[in-house]
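Next, two complexes with subunit A in common: one pairs it with subunit B, the other with subunit C.
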Partner chain A sequence: MEKGTQQAARPAWKKLLQSVGMQKLIVFLALIAIYVFFSIASEPFRSKETLVSIFDASYYIGFMAIGVTFVIITGGIDLSIGTLTICTALIGGTLHDTYGWPIGLCLLAVLAVGLFFGLLNGLMVSVLRLPSFIATLGTMMVTRGLGSIITKTQSVTYPLASDVDGWYRTFFRSPDNFPTGIVLLLVLAVIMAIVLNKTRPGRYILSLGSNREATRLSGVNVVKWECLAYVISGGFAALAGIAYAATYSTLMPGTGNGFELDAIAGVVIGGTSLAGGVGSVAGTLLGVFIMSTLKVGLPFIDLQPHYQLFITGLVLIAAVYIDVRNSRKRT
Partner chain B sequence: MFQSAKKWKRLAVGALAAMFAVGALSGCGGGSSSGGSAGGNVKIEMVAKGFQHDFWKAVRMGAEQAGKELGADINFVGPDSESAVAQQVEMIKNAVNKHPAALCLAALDTKATLDVIGQAQQAKIPIIGFDSGVPGAPAGAIVANAATDNYAAGGIAAENMMKAIKGKVTQAQGAVRIGIVAQDSNSESIGQRTKGFVDKMIQLLEAEPALGTGSVAVVGHDKYANGKTDGKVIIEVRIPSEVSDNAGKTEAATLLNKPDLMAIYGSNEFSAKCIINANETLQKLGPDKVIAVGFDSGALQINAIKTGLFIGSVTQDPVQIGYQAVKLAVAAAKGEKVEDVDTGALWYDAKNMDDAKIKPCLYQ
Partner chain C sequence: MGEVILQMRGIDKSFAGVPALKKAQFELRSGEVHALMGENGAGKSTLMKILTGIYRRDAGEVIFAGKSVVYTSPREAQEAGIAMVHQELNMMHHLTVAQNLFIGRETMKLGIFTDDADTEAKASELFQLLNIDIDPEELMGNLTVGRQQMVEIAKAISSKARIIIFDEPTAALTESETKELFKIIRDLKAKGIGIIYISHRMDELKAITDRVTVMRDGEYVGTVITRDSTKDEIIRMMVGRTVFEAPKEKSNVKADAPVVLEVRGLCAGFVKDVSFALHKGEILGFAGLMGAGRTETARALFGADKMDGGQILIHGKKVEIHTPQDAVANGIGYLSEDRKRYGLVVQKTVQENTMLATIEKYMHGILVDDASCETETESYIKRLRIKTPSVQEEVSHLSGGNQQKVVIAKWLVRDSEILIFDEPTRGIDVGAKSEIYALMNELVEKGKSIIMISSELPEILRMSDRIVVMSEGRKTGELSIEEASQEKIMHYATLREHESAAS
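Up next, the complex of A and B:
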């Protein structure tokens, strides 16, 4: 029986990979085109510093996007990642500022908080069967409120690079200004791509996203693996929180909502289907770079803010249209 | 976000309704209008927008100082956070029920406080607005305000920047640029700080014989642009497309990347922070490089001033806000005619930031 399903699945699976690859290629070319366009239009854009700026803008969105890719592949959504990112960082910063924890311990606490809320989301969706949109909308509010409660609505400042506890910043930028964060982002992306495509949990997540019932009937513990996707999402939101703190130093309670949409936009531009079952980490990363290159590049051609939003919106719509057209061809 | 705002509003409305019922039952016989005859001291209730924040501690300090000097007893309260509208409404209601000689108020949400303000008016308790006051309150409800004149405060930033760049700007070969990062184009106070800076800067530059009238172009955001595109000095105002660290930092970076940039101004804590973050990779700021001036404080900005990246910043004077509010309240309680007071703004830099006058005004 096993042989039979494999035989039936292979051509479709091959076709799928082909079209996902096609999408990735288009997105990659679009990214190059956007970068070249800004480089021609603006001289200062061509600098190494601007490239570092694009990386800086990509770290936190990138981590959130890698994590939420897994949730979106299951056919769900995680709206809480934006506020969770800020909430984890606020908690870590408060532990450092108010309670004098060493920064290493604070960063572990940040990860723990992220994983905890990821698990909470996962249990609500997979065990309690709450719609992910509503469950994570609730967590979004909870984490936003929690950040304000813990900080007593005051902003939190992380140690600067020159401070004793500033060593964690070298994860993202070395003392001689090398953007080490891009290495970290790429390494984690490669690991997560392997997890998604080459390991059992990843394959189960892909499988339950395309057909939950069939996956369950073939004896896979869908509850467990669906829950895992949300835990991954929460953990990566915590990494995003650390990246945010290292890049922007000061965090304000009450912020963070809206970040998740940037991350989700990156995921969708990268070819992951909101319907679930299809997706790739590499595509997500490309999508994130498109978003951040646009966001950093548009001000360089001296466009006023409203035009920047306008154009970013158009690019998003165009990217999703390409995706929809491709997937229509697939079926 | 909207849901939570709605929830607060519902809570506020509920609390208001409950309190209104209590007030109607108990307040019928209330005839004693102005309090404070027994001990000789006038009683003044102050309801702030917060309590724990350093800013409000400084306001309270100024208020108590004025109370001591003018013979007034101050009761200073504030909600736990700036979103706790219902809690603040309750505090105002309590304050009004005590029949103080005057009430000083910095409202979180004008609409939620309208009923209570009406009750204070009926009880003939004069209301003084302080800090941001009670924006959009019905005419006559607030007898006077003690608040920062943000337009003038922006001018202070321009004056101090001009001192630092005067030599260079008058001897420059070709056009030079002064950049401004403003958080958004809708906030009244930020708009005033930006406009005040731009107008003062133009006035100071045009007064220089080497430059002359009509030599300054203001470009960038439509709200501030003066139609000129060419000049000896170009002031460029940039506003990020959204209030996010990333968008703000990018706007600051585009300014710092311009080779003709001589100086840069961030018109609130957020904008100053964005300039500092952008500078981290670009390394353009410094006493002999691009001159930077900020507004407000915060850990990052204070650090930038200490290390010489910023030459200094303008801060509001919360001590004066408290002091002047009480002074107005005492005068109003005596039935004297009162009018709005500008509580001023202070310039601070690495040299004077630990002075007794400055230190209470700064927050981390």
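Up next, the complex of A and C:
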């Protein structure tokens, strides 16, 4: 009973820290530090417009990252999200440009394509037991090629905000220039955080990422839930496609390569372990904001965008190092 | 013992045409602890996997609570009341204790949200019932193995199991945890739950079981009442022949045999001030309970863990051992208790494993000389009687005993003078055991020296020329084989720190 009293005395702040997680706290402080650093270093950075561009740069990476968080928690990886994002947007745009579908229907088609490829990835990994790295590498190539085939390698243009069919852009930018996209991103993040932590699908995805066999032997249908993680990833890649189309009007086939790495970097910086079993949507968002703040901020201190890659790489290595050190301490 | 709740009859099962079970049978009463024994590969696990819905039987009948049943998934079996506490603990280390307990059957709020507060309360209740003190909010990964197992048991009980299967439950437990476990098992028994107990440890059978069923080569051999039968009878049923396990009567070491290894005041972690000497041609047994610090001593000596203090002398000369490379260079070979993790690269071939520590001696410039590697490996396969189709066989396909021989071969190729065997026969069936013993005797006859760590007293008494006993990180006694007995060893093995000073 001695131990029981000890537990009761466990201080509240320690409990809070355990539930929030050390890594997330560090990442949050790092984000603040980066923002403050740019604000001190450059006067023009301290503007509302800069903040809006940081948000703009966060939408599509953010959606991809939220989705792929679920896959990474299972211990897998989804490399197809970058090209899938562009592929879905290209298909939607072609349906609008060439076939004259109303934009609402096109957006539904975008979602459907994303979910379809997510399901395909999920089935390959969970049912056929292909290594996720290879399965999604295949899908990455397929979707990149498919985008070019469908568009006949022509670029695709989405309707502008001023067009009749441009209403969908208000999801991301209101007519009076308010960045509504950030609200959408946060709302979806909150929903997905709840799904991850407070519902069965989330619990089982965490569980099977921690120990797939044990979860299976507990009577959980691991094939179904593992598959679902990829479907979520595909669905969010489609949302990223819509966000991308709404932020940047013209899409080129053959692009999208490398987006997935930005998203995965954000996820990992946010404390989700590539070994599976651990992860959070909030951490992922923080990681994504670090990426986009660097992307937008570096030009303000006269560093060209390619420095962003260099510095992001260092941040990523540091984040993984913290993760590895923490998990080693745990065992 | 109550009425019969489970009957398995005429169970057949083959994998890819190879029969694993032939007309196997098993019976369990409520409130009974029924041991299932057999060498590795006898079909115990397969039979249990059929019972729990992991495998499907090819033929036969399972009657549970009066009804003929077929389970197609672990979940179905669980829902029907058959739970299994697995040997390799099936835990999600990143989830909390309560989340682990109720995985797959969480309480829900509003139909979609998991209700952790409720499962935590249920977990507390369950632990109170079992009289174990575990915080349901703690992360599983932070618990000791023993505690994790308690959670597994609690999980089985919470699923309203009427049959609980324990697969080698004490393999990773300390003495006191084992006692705690047995107490829980007795409680379960009193509640009328039927318990199937799989174990290799003979002494546990007497302590906890009511009946013993023995299997051999996938077939049912027989069932006996534990208290009416002897250990030898059960072993005879398992192997189909009598095993001679008499202790060694006197040391085979020559009186003038030189000291090859001397350890003075070794400290490493909780291991404090351990000193001993190993003679040429000697088997020095290291006895003690789980967690006494024997493996830690060996690992420090081998350079696998940091040594905090002390000296190592080989042939009277002081040597520095900081890494396993240093140890190997000084002629020490270490055969880990966990072969699959530390001893072998199981996805690699017999040849690759055998040559692993010595490969630099078999080079043509920068290329590996495969031909001479093969000849060398083949000579050791013959010498050690390793049963393998070829040198190119993947080690994972060999039996435990033959895997152990491959590890031995690895160190012999390296020409190690001092071999540390850590639990040399763990997980190895009785037949292969005696082969390993014969091999160890052959090695010392040829002038090798062996340190043998073992938790099985009969093994210590059968093999050792001299015995070092450890307890709680200290050496508490040293016995010559002539004066040693199980009782004396246990006396030293249970000595506490303040008592050992006096002894």
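Just so it is clear, the second predicted complex is superposed on the first by the 307 of 331 C-alpha atoms of A that agree within 3 Å, B and C clash if a C-alpha of one lies under 4 Å from a C-alpha of the other, contacts with A are read in each partner's own complex, and residues count from 1 in each chain.
As a working rule, contacts are C-beta pairs under 8 Å (C-beta built on N, C-alpha and C of every residue); 3 or more make two chains touch, one makes a residue touch a chain.
Quantities reported herein were computed from a predicted structural model and do not represent experimental measurements.
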Overlay on subunit A: subunit C relative to subunit B, clash or fit: fit
Which of subunit B and subunit C A:T199 touches, first, second, both or neither: second
Partner chain in contact with A:V52 - subunit B first, subunit C second, else both or neither: first
Touched partner set for A:G100, first subunit B, second subunit C, both or neither: neither
Touched partner set for A:S218, first subunit B, second subunit C, both or neither: second
Apex subunit A: angle to the C-alpha centres of subunit B and subunit C, given in degrees as a multiple of 10: 130
Dominant toucher of subunit A (residue count), subunit B or subunit C: B
Minimum distance between Cα atoms of subunit B and subunit C in the superposition (Å): 29
Doubly contacted residues of subunit A, that is, touched by subunit B and again by subunit C: none
Complex contact set, residues of subunit A against subunit B: 44, 47, 49-50, 52-53, 56-57, 141, 144-145, 148, 152-155, 157, 160, 173, 177, 244, 247-250, 254-255, 257-259, 292, 295-296, 298-300, 302, 304-306, 308-309
Subunit B residues touching subunit A - in the complex, by the definition given at the top: 1, 3-4, 50, 52-53, 80-83, 220-222, 238-242, 244-247, 249-251, 253-254, 257-258, 273, 276-278, 280-282, 298-300, 303, 364
In the complex, subunit C residues that touch subunit A: 54, 73-76, 78-79, 84, 86, 89-95, 99, 103-106, 108, 112-114, 133, 135, 139, 141-142
Subunit C-touching residues of subunit A, taken from the complex the two chains share: 1, 3-4, 7, 194, 198-200, 203-204, 206-207, 209-211, 213-220, 277-278, 330-331
